[in-house]
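Worksheet for the structure shown next.
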Amino acid sequence: MPREHRFTFGLWTVGNPGRDPFGEPTRAPLDPVDSVRRLAELGAWGVSLHDNDLVPYGTAAGEEERIVARFEAALAETGMGVGMATTNLFGHPAFKDGAFTSNVRGVRRAAIGKALRALDLGARLGAEVFVFWGGREGTESGVAKDPRDALDRYREAIDVLADYAVAQGHRIRFAIEPKPNEPRGDIFLPTVGHALHFITTLQRPEMVGVNPEVAHETMAGLSFAHAIGQALWAGKLFHVDLNAQRIGRYDQDFRFGAEDLKETFLLVRLLERAGYAGPLHFDAHAYRNEDEEGVWDFARGCMRTYAALAERARRFDELPEVREALAAASTPELAEPSVENEDPAALKA
Amino acid sequence: MPREHRFTFGLWTVGNPGRDPFGEPTRAPLDPVDSVRRLAELGAWGVSLHDNDLVPYGTAAGEEERIVARFEAALAETGMGVGMATTNLFGHPAFKDGAFTSNVRGVRRAAIGKALRALDLGARLGAEVFVFWGGREGTESGVAKDPRDALDRYREAIDVLADYAVAQGHRIRFAIEPKPNEPRGDIFLPTVGHALHFITTLQRPEMVGVNPEVAHETMAGLSFAHAIGQALWAGKLFHVDLNAQRIGRYDQDFRFGAEDLKETFLLVRLLERAGYAGPLHFDAHAYRNEDEEGVWDFARGCMRTYAALAERARRFDELPEVREALAAASTPELAEPSVENEDPAALKA
Amino acid sequence: MPREHRFTFGLWTVGNPGRDPFGEPTRAPLDPVDSVRRLAELGAWGVSLHDNDLVPYGTAAGEEERIVARFEAALAETGMGVGMATTNLFGHPAFKDGAFTSNVRGVRRAAIGKALRALDLGARLGAEVFVFWGGREGTESGVAKDPRDALDRYREAIDVLADYAVAQGHRIRFAIEPKPNEPRGDIFLPTVGHALHFITTLQRPEMVGVNPEVAHETMAGLSFAHAIGQALWAGKLFHVDLNAQRIGRYDQDFRFGAEDLKETFLLVRLLERAGYAGPLHFDAHAYRNEDEEGVWDFARGCMRTYAALAERARRFDELPEVREALAAASTPELAEPSVENEDPAALKA
Amino acid sequence: MPREHRFTFGLWTVGNPGRDPFGEPTRAPLDPVDSVRRLAELGAWGVSLHDNDLVPYGTAAGEEERIVARFEAALAETGMGVGMATTNLFGHPAFKDGAFTSNVRGVRRAAIGKALRALDLGARLGAEVFVFWGGREGTESGVAKDPRDALDRYREAIDVLADYAVAQGHRIRFAIEPKPNEPRGDIFLPTVGHALHFITTLQRPEMVGVNPEVAHETMAGLSFAHAIGQALWAGKLFHVDLNAQRIGRYDQDFRFGAEDLKETFLLVRLLERAGYAGPLHFDAHAYRNEDEEGVWDFARGCMRTYAALAERARRFDELPEVREALAAASTPELAEPSVENEDPAALKA
């Protein structure tokens, strides 16, 4: 696998132990350092992580330093990069009703504090993007949160964090990751569109983009290629989460390409044509009935599928019959302005 | 029915003859003037219309003037207003692959021309909002349109139309109506979020808002109350289409309140609390198996349901047990800033 | 295209003029005789038809005979067969609230009468299967029909029709076609499972099977391969409707293979392995933005995709790595009984 | 709360600690005996349980007897019944690829053995129904299991278990609980219809019915009232799982009545009119952000909502305007046969 593409995997993806709402883990936890080494061997460019993927809750300060230094050494040794870092604001019971949009001010402050520490960690590890996935920012009982207040608090939190990042000189950009539901009944900023709009309301919009995820848009039955199209059009595709999902289901995070090959092809073709140069992050996991060795087959397969589709997309666009079909469909004509230096009223005739 | 609320109905809603993809009409067409009179009697504030709801395709110029003048007379006689006007850019075969985003430049120009004429008609009738529903702006075969080109053309069309409206002195605002799919496999600007973002890219963003429709967000399983919340938060709720829909189905346009009473209540409560003062537009129709008299029961029922829910929302918020529950949930605390004039770094502790 | 597979097309599929709920036809109607000839040239085995695809509503008796005889001549001339016949009990306003389950007894009797005449026509044309798609048998307002009464009436109608077919000596089998919704809010017998169960309650269950359609199960997000699996397991797969659909959307009837290639592959592999020998019926239509010549590309493409997947399925099962993977997954072991001639209580240990 | 209705709660429902795929528990585990007492105080009729809700995995034999005896004492003391018992064949890693339909014969035998022991426990506790929910009986990778083999094995397991129950003299009936997906990509017997059909293929069909669950049919967007209608029509509604769910989402198990009030009303009205006398089982849980005392509010609310809707349904059917509307819709006429002692051919005229 040549490092032509910057493939990354979350520590939590290859490390997923197969726990689900109805069943216990089927695989043992992985040491993050082992994951880094194994992924490097397979040809990945880097990894991604939540703060607590590396440093478990409740780790003492000295121990934290030891963990992080050991991880840095593994990165250095393997030449692996960190595509993105993020913070887990969804697992702890304190965040059960939201983090940045918890009704309880103290919880919101704790969430911002945790994000600030995670931002420092991400910057230290050289992450180019810091992702915000607000999985708990939502409602089941809609009366409990005025959505306008919730958006005010969400914006406030991102503004505070962006100011801090600038003040610290962290060279990192932010990316908002939308999701329509699960684990909340309805999550704020449910789609790429909502997140793109939200970003325009921030104090530092230039520093914030989106991190669309195949599974999340697909849960709502939306075209992922169109979502990526609008994000690219806006200059806001800072990161992307690649996996597979069937419409209208629980969050499946299947191996990239495992579902909807047509939309997957459209996605890869668009990313390649647009020259997207950010990390290609596989936020997926092996099926729960896969064994420990199968995890690495899974990781290899994600990368191989992307590379194969990228190659197919190139060839597709060179095929004479494709060129003819696109010409017959007047596809290139869509790039031409409809109106040029003329009085629009003349079009009424 | 007191005119406390500005209820409006599209001419095409009460006039819906019950044709569907599998069956022929079950009701006779209505004369728009009769609809205006009947709706006035029922207590509606006004009507809405597509250009071709009033002036059929191919009407001669003189005949058009006679039709419009007769319609104006009916409005004057009944005191009815025009909540919104729009243009039908989806019915004619010419628009089979899009109007503003057709691959064929000539079609795009024809679409803009038709919209310009409809804008003049809307302005003449005093419509306060001009709606754009791009039902044909989409794809089934994703290779045929680069979504970035499509968004360029969409933006260009709205910019041209806004310039024209300003140049003409039309006192009218624009509202984009999103929809995820049907009649196209995937429609551009599929949700309220995508439309809100798109508006920020326009040359005259201040004059353009959104026209969210219950059925359209619900098809994608998104919370309509949250969509309205983000639109209100952005100051962009210029118009609203009220009806009912089950998630994950064909566009049903059922009577307001006919499905999902909880979300409907949340919606009405939010509109009322926010002081939304635009038209409350019922974009719905009677069931196809309803007879001609039943259409007016349907119209009466839409208004009665809204008014009843508005009254319930008022009483709900006054109930002691509701106040206690909201206090227990810390709901008011969500309106308080999380951070105030302090060094964010202090939150890390 | 060799006639190895018995490919059939409904007259209404290639003849689909492109009308949809929001737009007028984009293609001219076709003469059924021309469709037969054209499909024969393309390598199809036969056609299918609703009574009114061939004989329009209100045709005089003498004219009907002329139409049918001319159609028979075209079949004879081309060697084309009739895969299935059916009756349109959904288009006419009389059936707006159901046909066999209309609340109005007179409508139910008219529906049975129309089905009897269509059955005679189907038998005359040599159709091997007569399909019942109860598109209007459902509700939007659930109080209006007790579902138990509706199922009684549905069963009664099928029983009466089966008795008649036997009495007439018609050599034809029946197939029930399930669908979850559209054009009704909820349709009775919404899935293959419901139809399979319903059949067990009939007086002549042996003569009735199912006609599953890709689009219909997929609308509800159900696995079509599993549905076909249960139908085959029950010995009830009498006919199959092939097309493509995205989950949770309006009834799309896209070209076979246009969506969800993985499930399509699983379907073809299962049909081929099971030795399904009935008609392979494409109940699909060209995209509305396709032109008249494109309709025949569409038809050719449906057949080519099936044939290509059948060939791939054969090769897939011969690949050493597939055999190894299936062995590793213990797939063949699932065919072995779990318990054999032993006291089950011994398993408790 | 009078015990007019036989309300039951699973031990796992009030005892749900709030763990979800993204977060840790927010509530402490409950002692089953405490749950029995508390539910008795609230007016429930009884409880339901999985084997491992009461007897954790790995409990020694003597300890098991002590646990069960203590639980029996609590039932006796409170007068609470056991509505149903079942076995957990989804949580342990051994069942990661299925239990009765695992590809591995040894796993299938272990699953049958576990079910046999749970059946003995259920019979001892006086459970009237033993439920089979095959949550792991499915696939993500469809090639790995021929669905026909899987149905053979499923049927074999139920047949063996039914024989055993009869041989032991257990006075208990079986109920199959369908679900379309989660935790598997696609689960066999996905809907009430599929399960009703499956039952007709068993060796002792008379002893097996269905246990439909609101959330499970609703995930697939199917009408739950229609599903219950077909189950009642077949005489197969042996048990029912009441909760709430939005279409096309993860399995939410919300409080009964929390979503889709219209369908909930239709359901209660149908159960009451049909004289359903089995347990009314709430298979739901409090929101994860609810505290420990709120769990009992949740339980009280489930029962209160059912009782209130049952009362409303009674009054609804007595309202003159409802009677008039049903008469206008010819609803009673649907109970009349369409054809009576006549030659069907006469209907053709």
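The letters A, B, C and D name the chains in turn, as written, and every chain counts its residues from 1.
Just so it is clear, contacts are C-beta pairs under 8 Å (C-beta built on N, C-alpha and C of every residue); 3 or more make two chains touch, one makes a residue touch a chain.
Note that the coordinates shown come from a computational prediction; the quantities given were computed from them, not determined experimentally.
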Chain whose Cα centroid lies at the greatest distance from that of subunit C: A
Contact-richer chain pair (by C-beta pairs counted) among A-C and B-C: B-C
Chain centre separation in whole Å, for subunit C relative to subunit A (CA means): 41
Chain centre separation (subunit A, subunit B; CA means) in Å: 32
Intercentroid distance (Cα basis), subunit C paired with subunit B, Å: 37
Shared-contact residues (touching 2 or more other chains) in subunit C: 97, 181, 219, 221, 246-249, 258, 262
Parts of subunit A lying in touch with subunit B, wherever the complex brings them together: 97, 100-105, 108-110, 112-113, 116-117, 120, 142-153, 156-157, 160-161, 163-164, 180-181, 186, 188-198, 200-201, 219-223, 225-226, 228-230, 232-234, 248, 262-263, 266, 269-270, 273-274, 322, 326, 329-331, 333-339, 344-345, 347-349
Residue ranges of subunit D touching subunit A (in the complex, touch as defined): 18-26, 90-93, 95-97, 135-136, 140-141, 181-183, 185, 219, 221, 246-252, 254, 258, 287-289
Footprint of subunit C on subunit A - complex, ascending: 221, 246-249, 258-262
